[in-house]
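Heads up, there are several structures right after this.
What follows is chain A paired twice: with chain B in the first complex and chain C in the second.
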Partner chain A sequence: MRATGGPEIAVGDVLLSVEAVSLSFGGVKAVSDVSFDIRKGEIRAIIGPNGAGKTSMLNIINGFYHPQHGRITFKGATRSRMRPHEAARGGIARTFQNVALFKGMTALDNIMAGRTLKMHANLFWQMLRVGPALKEEIEHRHRVEEIIDFLKIQDIRRVPVARLPYGLQKRVELGRALAMEPELLLLDEPMAGMNLEEKEDMSRFVLDVNDHFGTTVALIEHDMGVVMDLSDRVVVLDHGIKIADGTPDEVKNNQAVIDAYLGVAH
Partner chain B sequence: MLYRETGQFKTSYAADMAIFPIRQDRIALYVLLAIAFIGIPVLDALQVWPFAGEYLLRAILIPFLILSLAAVGLNILTGYCGQLSLGSGAFMAVGAYSAYKFGTGVHLPLGLFDIAIPALPVLPSILLGGVMAAAVGILFGVPSLRIKGLYLAVATLAAQFFFDWVFIRVQWFTNYTSSGSVTAPELNFFGLIVNKPVERYLLCLIFVTVVALLAKNLVRGNIGRQWMAIRDMDIAAELMGIRPLYAKLTAFAISSFIMGIAGALWAFVYLGSWEPLAFNIDRSFQILFMVIIGGLGSILGSFLGAAFILVLPIMLDQVPHALGIPISVETVSLLVFVVTGALICWLLIVEPHGFARLWLTGKEKLRLWPYPY
Partner chain C sequence: MVAFGQFLEVLISGLLAGVLYSLVALGFVLIFKASGVFNFAQGAMVLLAGLALVRALDLMVAKGMPFWGAVIVGLVFAAAVMSLTAYLVERFVLGPLVNQDGLTLFMATIGVTFIIEGGAQMLFGAEVYPLPLFPTDAWFLFEKTFEGGILVSKIDVWGGMIAAVLVVGLALFFQRTKTGRALRAVADDHAAAQSVGISLDWIWFIVWLVAGLVALVAATVWGTKLGVQFSITFLALKALPVLIIGGFTSVPGAIVGGLIVGAGEKIAEAYLGPSIGGGIEYWFAYVLALAVLLARPQGLFGERIIERI
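Let's look at the complex of A and B:
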């Protein structure tokens, strides 16, 4: 799967980089002078204690927050801030720490909504539901059904998502993001609050998405076991500052990281 | 075993995406349409009870159809797109008075250049009434990009009061009649004069059927999903590339278009001659109640809500008569208020999602019957 637009980036080249990005809310510095990059095709973990600025970082990447300083380069284009629709069009999709599904819609409609940017029939055809509108609706339904099969949620297609248990909601949310056929997938604690079995399923999905579709993944996760298993490289934030960056093994043995997690005073 | 989807396998996504994928539902719809289009006119022609004397058509079915249409319009905006509006009456009024102006000829002396449009036939007048309402809807929808919920409701309330005032004070809209009351042009559709109640009823029925079908298509397609996405979680929607501007303004436009048509029909077909009072804030609340009671985000619910809000007071009004209880007209109308209000409260406590949800729950039970799960 890959989104349209922008130059083709080869696997292993830098897909996105943030340089010296800072973001504060009033007096609170959520992110201070952080730089790192995400390479095409990798699974990049972002870890750190609560309040470290991980979610804020994802929000900066997809344009929901605008940093006061720094630059963001995505697919070769550098800007001081992203805009949400630019990010979406450019092929950045995400899931949220606190599931942000469309509560009143069915699982199927939620995932179909992920195809919005790819549907172009005008209101006239949609109103009559013939011609290009019907053709498009069926075409995209096929793609969405593939995602539904992939995530094994066939039997909850028609269920309004508010009625689904938490674990399945997270899965539907992943499906909605996948429906955008993203080039870069941002996952904010996709396994939080899940039991072991659900975590294993979700890990499998993340790996499969990365393997089969070549989707680049940025993953925030607290479970160190999962992080070590899944990720190619890890960036560690603490109090908005980047304290380490490297392979899982390097990061695991880094003294600053050990201190941050053990709560040593700075 | 009457209501089952077992054995009805869908062989294509097209079949699975039909409005009524279950055969029994489809049959029920055809039966309903047959009754509405054939049964009722036949019964009327035969003057069978309760059709004797045109009361049912004139006082119940015609207003029911037109107000259902308005409710469908408001449901698109409030139920599907989540934008609370108290301006339905205003949008209906814009539809009605625009249709009136187009139907009687528009003449606007603007000094440098005059606008003069000869009187148009009824059908284009009504449709243009809808278009004007859509334009006004878009205009009053712009604040929705910045403000939400109750604050937006206040902005639409401003529209309501503004247009109440305009149609009373600006006499150009009422062609300078001394009373301020205006009379609709003759209902001439391509040479067919629509006059008798049954003809008026059929005219409304055609409008309602067509608009409801088109509205249903919209809400279950791409734009409908965008509306609901904005309603349920606008931030997530925006991060997926859904443009709030486009989604909200199309909802305002289409919703007001439908309400404008409903307003024009209310004026031309139901009232015949009318005053601005016909579209005041009471009308806005009435339509809003229909949508809430019927079910936000349901086209079917719009009809159920309209039936309830419209028919209940009439029934309540008739009951003391029928039982021969001697109470005064004032007491009855007061009683109607109290009972209607109490029933609305009760219904919303029992089922906050309105009749449409009760209906769905009932169908689910029926599908599983006789097993509870």
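Let's look at the complex of A and C:
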């Protein structure tokens, strides 16, 4: 699964790089001078205590926030002010910390909405619902059914998502992001609020997405066990500053990280 | 039997007149759902669509084109005018005001109302233009059962049929197409919609376009009934009580609300009119809306708003 457009990037090469990015809201610095990269095919974790700037970082990558300083290069193209739907067009998909599904719609329609960019029939055919538009709907419905099978949510297809339990909502949200066939998948606390069994399921899905589809994943997560098991490399933020970057083992033993999490006597 | 026949006649004409209120209310609901904007300009858009249609039609007829050809040219021209309006409103009014308070956007649409009303009359003229699209005579039904039969005017029946086709078409469009899904997605969650690649600018253009086309449909029926004239914009204000009764966010609510207002005011006029002195049609809808506000503020079909404290 890969999005169209842009140069092909080999596994292990830099897919996205963040260089000296700073973002502040009024006088509050959310992110200061942070640099790191995400390589194609890896699972990259972004961790840090509450208020470290993790979600801000994700919002910068997919265009919700525009940093005041710094550069972001995705697939070799450096951008200044990219808007979220343009990021999506470039192959960046995401999920949200507090599930952001289309509540009035069924699970199926939510995931179909993820296909929006892949569908090209013009408005006129869509209105008549004939010819190319109908063919397209059927074709994309097949792809969506594959995702539904993959996530094992066949039985809730027709259920309005507002009625689903939290764990399943998170899964539908992942499905919607997968439907975009992204090159880079951003997951904002995919396991927050889940019980152990749900966490294990979700971890398996993330690994499978990465293995089978070769999708590059960047995730924010608080559960250190999950982070250590899943990720190839970890970047640690604290108060908007990068304090460590490396493999899970390196990060785990880094004194600055331990201090940030446990507090340090001054 | 005469009394019942008369009741049926009043009820049917009321329901069919109500369909027209529903048509305008539908335009309001579409925009409100997708963008949270209460579009005060919907009535002005009916006027604009009607004027564009009738003036292009008259011009073509004057140039010797057959009537049906002129109708097609008129409809295409009016549709083009409505798309241009949708584009201009999105580009120069709502686009720059994105993320502003609902009241700010509402005030902006009041401004848009004056611009459309003034612009439309400046470009297309400010007289009363007859629009003979549909037959305006009447049928007399069940003459055997009821003395004198039941009078049903043909234009009302046309209006009802057109509205039914429009509603079914819109329902299919919203439920089964990519753009319809995108519209519902934006209505539910702006950020999530953007994250799957839906452009808000594009969607807002589409909603205004759809509302403009709904206004055009309403204009064909109202224009035939009353002639295309400025007072159409006042009739469009009747959509407000319809929305309050039906609920601002509900398409079925707009339809049922329209029917209730249409039938209610005609029945009130016929049966209460003689005893309290007529003219009930003009205020009945508003009193009904007030009663609904007291009993069920979210409207019959609206979502109940529960605020967390």
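Throughout what follows, the second predicted complex is superposed on the first by the 263 of 266 C-alpha atoms of A that agree within 3 Å, B and C clash if a C-alpha of one lies under 4 Å from a C-alpha of the other, contacts with A are read in each partner's own complex, and residues count from 1 in each chain.
Criterion: contacts are C-beta pairs under 8 Å (C-beta built on N, C-alpha and C of every residue); 3 or more make two chains touch, one makes a residue touch a chain.
Quantities reported herein were computed from a predicted structural model and do not represent experimental measurements.
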Side-by-side fit of chain B and chain C on chain A, or clash: clash
Partner chain(s) touched by A:Asn62 [first = chain B, second = chain C, both, neither]: both
Partner chain in contact with A:Glu145 - chain B first, chain C second, else both or neither: first
Which of chain B and chain C A:Leu262 touches, first, second, both or neither: neither
Touching partner for A:Leu101 - first (chain B), second (chain C), both, neither: both
Touched partner set for A:Ala133, first chain B, second chain C, both or neither: both
Chain B and chain C footprints on chain A, overlapping residues: 62, 64, 84-85, 88-89, 93-94, 96, 100-105, 109, 112-117, 119, 121, 123, 126-127, 129, 133, 136-137, 176, 180
Parts of chain C lying in touch with chain A, wherever the complex brings them together: 169, 172-173, 176-182, 184-185, 187-189, 191-200, 206
Parts of chain A lying in touch with chain B, wherever the complex brings them together: 62-64, 84-85, 87-89, 93-94, 96, 100-105, 109, 112-117, 119, 121, 123, 126-129, 133-134, 136-138, 141-142, 145, 176, 180
Residues of chain B touching chain A in the complex: 12-14, 17, 214, 217-218, 221-223, 225-226, 228-229, 231-233, 235-243, 250, 254, 297
Residue numbers on chain A that touch chain C, as the complex places them: 62, 64, 83-85, 88-89, 93-94, 96, 100-105, 109, 112-117, 119, 121, 123, 126-127, 129, 133, 136-137, 176-177, 179-180
